[in-house]
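Across the two complexes that follow, chain A remains constant while its partner is chain B and subsequently chain C.
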Partner chain A sequence: MNADELKTALEAEGAKVTYDQKRKVFDVFVQDPSRIKQVARKMLELGLDHVVSVTGVDYPDRIEVIWHASSYSVDSLEGLVVALRTPISKGPPRQAYDPRTRTYGPARPPLPVDSLTDVWPSALFLEREAHEMFGIEFRGHPDLRPILLSDDFYGKWPLRKDFTYDKSELKVA
Partner chain B sequence: MADGEGLIFLGNLEEVAKKSLEYLKKKEPITKMVSWGVNFSLWPVHLMTSCCGAEFAAAASPRFDLERLGFLPFGGPRQTNLIVVEGTTTWKMARVVRRVYDQMPAPKWVIAMGACAMDGGIFWDSYNIVVARDYLPVDVYVPGCPPRPEALARGVMMLKEKIDRERSNLIPSEQR
Partner chain C sequence: MSERVYNIEEAPNIDVSGDRYIMLQIGPSHPGSGHMRIKVWLDGDIVVKVDPDIGFVHRTSEWLSERREFIKAIPIVERIMLPDTIHANLSYITTLERLLGLEAPPRAQYLRTLAAEINRITSHLYGIGIFGIFLGSSTVYMWAFGDREPFIDLMEMLTGARITYSYIIPGGVRWDMPKGFKERAEKVLEYMEKRLKDYDDIWVKNPVVQSRCVNVGVIDKTNAIRLGVVGPNLRASGVYYDTRKHDPYAAYQNVDFEVPTFKNGDAYDRLLIRVEEIKQSMKIIKQVLKDMPEGKIIDEGTYKQLNPVMKKVYDERARVMFPAFYNHMRPQPGEATGRVEAGRGEIFFYLRSDGGKYPYRFRWVTPSFRNLPFFTHVAVGYRLADLPAIYGSVDYFPPEADR
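Let's turn to the complex of A and B:
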């Protein structure tokens, strides 16, 4: 199994794959979020056996969830990091900025997407981090408590573009 | 006339002893001895909040050896009188630092070490960073990113000078 065979196998699953050998970019884009688990299972089958990072990107119209998977067990895939991306809808647009409360309206609920922890157990803590930073609700994750931030920031999703906060609300003691 | 100064004590011996003790606490030979003792037993609590802790460890280890200044890192907060805020503190960590500070017995001092503890450093605009002066009464600031162990040694020397300068308040007067 090398990178080109990986590309053809994943394209058969219906994903949009771009591979640039020179820049070592391997990108798997899945348009339909409900198919993400199926593509991930295929990737696990092909030898990508662990997740190295889970993150999100906040675009104006969508949030993309990105799992970076890599391989320990297949020698020919050494050094390759495969980005598995899927867009999720942001729901209603944010409200106008309110200078009185210094926020963009009330906190918005987390956005649902399938958790890949049952495919790759190494995504457990990484998905918890992406959950508290971007407000992505990983359905099927066994334990979605906040992991790094203090409880003050839960529900505010600090790494989203519309994040604001009032420092005077926070107290040390 | 403060603390019975200039009075001739007669009669009630217990009262006289108490008053003269309060009087002597503010006076030269006693305060000088106490200041000397405190100066050479500045024990910082071993609480590593961030990356400046590596420089802190280097300062306490044989090459720079701050123990010759009486600077001996200690495990539990109950035996210490100095806390060094080593670099950046998040909101979560600041609450821990404050709790450790509250457990230390008085008199106690605070050194803010590194740019992050002073004004945030490279994280000055971050939502999750709180600077040391917002939650602790800081005595000495040590600039640098990170400060070298010599800089921390200089900070400790400055703190010793400060303790000596303010030695008349070193022994708390008895509450009546």
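Let's turn to the complex of A and C:
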């Protein structure tokens, strides 16, 4: 199995695949988030056996969730990092800081997408991190407690582009 | 030595509520190196479930880096992994160069390899020292930390700093190899070879160490792959994988080295593999010193941007002063990924640019963070008294995981 065969196999699953050898980007784009698990299973079957990183990218109109998968067991795939990418629609934007209520408007619930932890157990902690940083709800994840941030940061989704902080919040009691 | 009672496959599904299990908190203040808390559930004195609670030293490196110019992220990523700063620096710059379409000249690539391997040795000695203190051997702790010094001095000679080098920049490195470096490096390597024999006598082949580490904290090959373990811990479980071999960067395709692997995947193998990797790193350093090509240490495009004063400094002292455009780098829109084998395992970088001054998305994952699923599984089924040996053998560095 080399990069071209992998490309053909994943295109058969309905994904849009691009490969840029110079920048080391092997991109598998799945437009429909509900098909993500099926494509991930296929990737596991082809030998991409662990996840390197799970993250989101916040664009003006959507949030993209990216699972970067790689292989330990198939020799010819070991030089590749395959990015499985899917867009999810964004909820309401964050409102301006209200000093009276000390909030940024009503709480914004996390956005649902399927968790891939049952396909790749190595994504357990990586998905937890993406959850608290971007507000992505990984449905089916066994344990979505905050991991790096403290509990009072929950719901602020700090790595989204609309995250700001008010100076009064920095005051330490 | 103890038999494993609980199966690691079923470990995460055990219901630990009720009176049968005791919950014990280890940490958060310094259970070994850095701050993390381990919640351990015990059945008698058998570990049933481990829940690492991390984030005490979270420094928001991704958030900070997305709000700065590309070049200013170098000190941020370095301060996250202090025993291993050159690899943080190297992985970031490797990815940034792919984004910018730059390529460093051969001499710079060799200098990067040299710095990386010296740093790998200091990182492994740090790990061995911490492991020593976990098992109650303050001798090995003192020895390992003392033997880091010659290598740190070498790095000081090469880069001008002891720990935070900021040595690697887009397109090359900042300093050329100084006069007398080669002779000194050879002396240091000779010294270390002698010392490794001493380590064998007092530590590696010590029956007390063996009885505490052999068959403790076993992770087999299948589980190591499934849990996405990285670095020496992965190779101790018998997986032949090293980013230096499988996804080469810097000058690693030109040097000859072996990737040591072991079969059992227990705490003792994880100790042995660090010693073996120190030997391989010394082999690489010797080759790099011998084969170091002549030439520039910065790429042509950057050299042309230097003003006359900077060019004078470069010609006389072989030192690159930062041209002003470094602060205004605007990579083409797009993304790039990069991987580097650091001392503790593989660092992964994902950068996305929208054509602006700052990175649009700056994502990196450190080896200690990727070893967390491994950490939740490895101690299950062993006695609480084995936990220090297991924790120490993993070479987990909390500030690195928290980023």
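For the reader, a short list of remarks on this structure follows.
Simple rule for what comes next: the second predicted complex is superposed on the first by the 151 of 173 C-alpha atoms of A that agree within 3 Å, B and C clash if a C-alpha of one lies under 4 Å from a C-alpha of the other, contacts with A are read in each partner's own complex, and residues count from 1 in each chain.
One rule holds in what follows: contacts are C-beta pairs under 8 Å (C-beta built on N, C-alpha and C of every residue); 3 or more make two chains touch, one makes a residue touch a chain.
This structure is a prediction, so every number in the text was calculated from the model and none was measured.
When the two complexes are overlaid on their common chain A, residue A:22 makes contact with chain C while staying clear of chain B. In the superposition on chain A, the chain among chain B and chain C reaching more residues of chain A is C. In the superposition on chain A, contact is made by A:152 with chain B only, not with chain C. Residue contacts after overlaying the shared chain place A:124 against chain C, while chain B stays out of touching range. When the shared chain is aligned, chain C comes close enough to touch A:57, but chain B does not. In the superposition on chain A, A:170 contacts chain B only, with no contact to chain C. Residues 149-150, 158 of chain A lie in contact with chain B in one complex and with chain C in the other. Taken in their complex, chain C has these residues touching chain A: 12, 54-55, 58, 60, 62-63, 66, 98-99, 101, 225-228, 234, 239, 241, 246-247, 334-339, 346, 348, 350, 352, 360-361, 363, 365, 369-370, 372-373, 376, 402-403. Listed in rising order, the residues of chain B touching chain A in the complex are 90-92, 94-95, 98-99, 102, 127-128, 130, 134-135.
The residues of chain A lying in touch with chain B in their complex are 149-150, 152-153, 158, 163, 165, 170, 172-173. Of all residues in chain A, only 22-25, 49-53, 55, 57, 66, 68, 72-73, 78-79, 81, 83, 120-126, 129, 133, 142, 146-150, 158-159 touch chain C in the complex they form.
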